[in-house]
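Next up: some structures, all given as structure tokens.
What follows is a pair of complexes built around chain A, which joins chain B in one and chain C in the other.
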Partner chain A sequence: MQLKRKPVGATLAAATCSLLGSLPAVAQEAKAWSVDSSLLYYGEDNGRVKDLSLMASIRRALDEDRSLSATLTVDSLTGATPNGAVPAGVPQTFTGPSGGGSYTVAPGAQPLDTTFLDTRVALAANWQQALGTAMRWNVGLSASHEYDYLHLGLNARLERDFNQRNTTVFLGAAYGQDEIKPVGGVPVGLSPMAGEIDDGTDRGRAGDDTKDVADILIGVTQVLTRRSLLEVAYSYGQSDGYLTDPYKILSVVDPVSGAPVASTEDGIDFQYLYEHRPDSRTKQSLFAEWRYAFDRDSLALNVRLMDDDWGVQSQTAEARYRWNINERSYLEPHLRWYSQGAADFYRTVLFEGDPLPAFATADYRLGDLDAYTIGAKYGRRTAHGEFSVRLEYYQQSATESPGAAVGALAGFDLTPDLKAVIVQFGYKFDF
Partner chain B sequence: MASPCEVLCETEDLAFARALGNYAAAEARRIDEKFSRYKAGSVVADILASRGRSITVDEETSRLLDYGEMLWRVSEGRFDLTSGILRHAWQFEEATDAPRLERISDLMRHVGWQRLQWKSPRLTLPVGMEIDFGGIGKEYAVDRVADWAARESRDPVLVNFGGDLRAAGAAPASGAWQVGIESLAKPGHAARRLALESGALATSGDARRAIVIDGKRYGHILDARTGWPAPGAPRSVTVAAPTCSQAGSFSTLAMLHGAEAEELLRAEGLRYWILR
Partner chain C sequence: MSCTRQMSPCAGSRSSRSLAAVMLAAGIACAAALAGCAGVEPWERDLHARADMKADAHDAAIDDHIYFSKEASSGGRSFAGGGCGCN
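And now, the complex of A and B:
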């Protein structure tokens, strides 16, 4: 009586891998579902913004040529963010709209809006399809919601291979429509921040507003040699509508003493004006990436040049090296450098007595700044999926606008450095 | 490879087609010469010349020996790289030669993986024993060529070495490669037609090589434990698997399980076609 045999398929498959040196691509039936998930923590120093972001994406391959994917992202933002005002030698009190959420900043401290708290939920769906053997297209829908913001978007991309698949040309377009609904309505640009009084008037506020954003992208990927390829892409973006940050303000200071100017508004000590940006912005960017495959590892280097009609110009350079430690794990060090010139209407403060400019912002994100990111990602394949851990450090140094450090302001750091850490855990698997 | 070898390819890339043909021919020749027992200077000749002394083999030979050892283990001794010596008793190309069958028990003293010492990369083969890679070499060659093709291009490729075949790259424009299983009754004609989109097919059987003794047909796939073909073995077993090595191993294992061939393949969850 023979004992029942145990199946040996797994043993044989493993032995075949050893024999042939790798798992053959055709050996595995493509899985129909794939799931990608990540948990990201972004934390700025000095109690500033913290973001906890959870992302889950699921993709269903209908066949070799068609797939549908959906992604859900939930962000939880807490902490404090600079409101645009400069430090002063005395305590400063700021108010939120409709008299809600007033906060006081100590003498000498950078004014941070501590009422900042938000949850963002974003959903995206994407359909991908091959058109014959040389062409692919995908189309997607996106939506995101915050309590004071709603975004709806549409995007599409077409790719075509030429030259025995050594050349791929791609064309993309995206359109988004956003609705901005700040608490208490959108403030009128460069109108004074009101005191903590709700007298029923609109106090310079005008309901909700919207903006439209359209982008087009055209690019080409060219295989240069057996080991290297180059991608070059140009994009053009046009934004129209309300592009101002409804929560950002500028301090009005004395041009000699640098001290804040007393307010004529009830319930607020000093003068602050809501920022105001143009209602249209045209951006162009040029991107180039070179990728090189060594015997075991690979390297990617890229640069991006961006230019817009607000006068902002930026340069980014980035390098990634993927070190494949063994068949199952890799380590990917990452370096990024970013440099930006300020928008034409960026200023640290407004001086009392100067004519009011048409546009003004003190948002550090539109100022002169240099930033770098350094970090690494470690990934490991397991029997069921692949997990990864990413750890990065970000540092940003801003430069104040010339002539801002008058009087008392010279003693303050008007544009303190920003440091942040990024920790991300990822897990993906197929089934 | 002692059989016709061909490579089919759907491509507009002439350079790839040329390189594929060159690689397939060169690789088939290389593997044939390296592992042939008939060629001087082959690994097999070196092993035979070791005369019982321990020798170090190269990395590729190590992988094939490891694979052979694994097959010996999972087949519980039915499959054995040392069983080639039994050909001295079984002359498949010739007419019945009954007296030679008496030599089987003699030769069986020189068959059995347990008698040799193998720990990669060192092999000690007792004097009188032989190693023969014939049972796995052809499928290995098919996989080597298919893997190369898949690395170089996504274009559809079918590697066919004497009926053991594997598809690489995308499925052909027609959707699948059409593969015939040769009829037993009408050699040269297909008994069945199979559609192969990806993966491999391998066939084991005695359609061409068998010996008839007292009206009973004996195939050339011998159970290394007995020196005889497994009783009740099918005439032909075709198995589909991701690689040709796996397909070939399973079709051989099925033959070695004789009457239980179907049961074995069913338990493994494989697609198979058996002719009896």
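And now, the complex of A and C:
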């Protein structure tokens, strides 16, 4: 459908060029192409995750009403990530995801999966077009690939201006279909981790799995005064399918001593169960952002409230102050605060002798946690484009589930703080 | 000015415990704030046209990806999405 409109656009563009024929050609072509690129380093402390990410977006404005954009992202992830087990007074050996390797964690140390390594390539394309003078729509495609994960998605958004363009209402929808292909297959939820096996058996694993994610978004942007603007958005998301992390486990410990319980499986010392999450999740969130323009600077404040049917509730607040130092450079300090409550089935450990729950995870990302980010971005415009550098510090403090720190576990830090540095270099230009 | 004052219920509601009630109250308060705002004439919107009065979509996408990987929440401003095996 869109392709049929192209000749009309070309005709209009030609007509516009004829009308504006007396203007310098440079002025007409100056903003046809826009490029926004960045190189990001994200590094956690204590040998945990490090990500080097390159992201480049290119946008082609075909005319005033239509544009096409594409974004390529390449992530290179290395480091170690918590596997969900708790520290113990003795060395613990875990089987690698493939079943053909293992790693050992020292007494008292947080168990980290050192086999974590990934490269992610993501592509997105988006078409935006005006529909008359007061409406716009855009439609996009997204795809990303990791060696154990594939995502394909579609999204669309419609915007309509009212009230002399002081009010803009928007409505969006997105649908994604993901395929999860863990090394060694998807483990059966709450099944025991087996020892290292080289015989090629499937060890009770179920091959690959899938999940579907659908989102809708509805919101309004309102010009409040000559200087201020408010955006409010409500979103609703539904995920169905395999929502468990196939690499995360839980420790089974003695309810009095807190010591790990001996395994009945061959080739592994202690009992660890693969985590298991429900196969559907419904999320909703309310987002509000207020922006205020001073004569020179500007301020943006936003809040987000989120809850889901897993029992997670979260609150996020962010502030950015844009200090326009002069016409060419700016400094933008940034603060972010985040707090979430644990999912109903989050538990730091499982106790021997307790009935097995229907669902359980020890993934700290579904536990009680607070986080903050502090940083700043500096940007400088040149004759050719704009350079920027962003430096931020992120810290997360999690809390174990109530009653988890029994016996010897009380002497360990079951949820060590996560500290990360974010460094981003950016360059954007039009041509 | 009156619009700025009416906006405060949106920003002040985050500490409440019942999230559903908070969302409803915030939605009503924001709707009331929006409804109470008189139009700003097109020639008065020069400050809104400044680039720093819009969110940086590139940085927002990067931040969404980082926080999606490390926290249980995602989206809000845009789609909650996914497209990553990191969570």
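We adopt the following convention: the second predicted complex is superposed on the first by the 395 of 431 C-alpha atoms of A that agree within 3 Å, B and C clash if a C-alpha of one lies under 4 Å from a C-alpha of the other, contacts with A are read in each partner's own complex, and residues count from 1 in each chain.
Operating definition for what follows: contacts are C-beta pairs under 8 Å (C-beta built on N, C-alpha and C of every residue); 3 or more make two chains touch, one makes a residue touch a chain.
All values derive from a computational prediction rather than experimental measurement.
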With the two complexes superposed on chain A, say which partner A:164 touches: chain B (first), chain C (second), both, or neither. both
Classify the contacts of A:35 with the two partner chains as first (chain B alone), second (chain C alone), both, or neither. neither
Now for A:154: first (chain B), second (chain C), both, or neither, which partner does it touch? neither
When both complexes are superposed, which of chain B and chain C contacts more residues belonging to chain A? C
Looking at A:293 after the superposition, I want to know if it touches chain B, chain C, both of them or none. Which is it: first, second, both, neither? second
If you stack the two complexes on chain A, which partner ends up touching A:224: first (chain B), second (chain C), both, or neither? second
Just chain B (first), just chain C (second), both, or neither: which does A:312 touch? second
So which positions on chain A get touched by both chain B and chain C? 164-165
Name, in rising order, each residue of chain B that touches chain A in their complex. 12-13, 63-64, 66-67, 70-71, 74, 140, 143-144, 146-147, 150, 154, 166-168, 170-171, 198-199, 242-243, 245-246, 249-250, 253, 264, 267-270
Any idea which chain A residues touch chain B in the complex? 5, 7-9, 11-13, 15-16, 18-22, 24-28, 64, 133, 164-165
Which stretch or stretches of chain A touch chain C in the complex? 36, 38, 40, 42, 53, 55, 57, 71, 73, 118, 120, 122, 142, 144, 146, 148-149, 151, 153, 155, 163-167, 172, 174, 176, 178, 180, 211, 213, 215, 217, 220, 222-235, 237, 239, 245, 283-291, 293, 298, 300-308, 310, 312-317, 322, 324, 330, 338, 340, 343, 365-366, 369, 371, 377, 390, 394, 396, 418, 422, 424, 426, 428
Contacts from chain C onto chain A in the complex sit at residues 1, 3-4, 7, 10-11, 13-15, 19-20, 22-23, 26-27, 30, 33-34, 37, 39-42, 44-45, 47-48, 50, 52-53, 55, 58-59, 61-62, 65-67, 70-85, 87
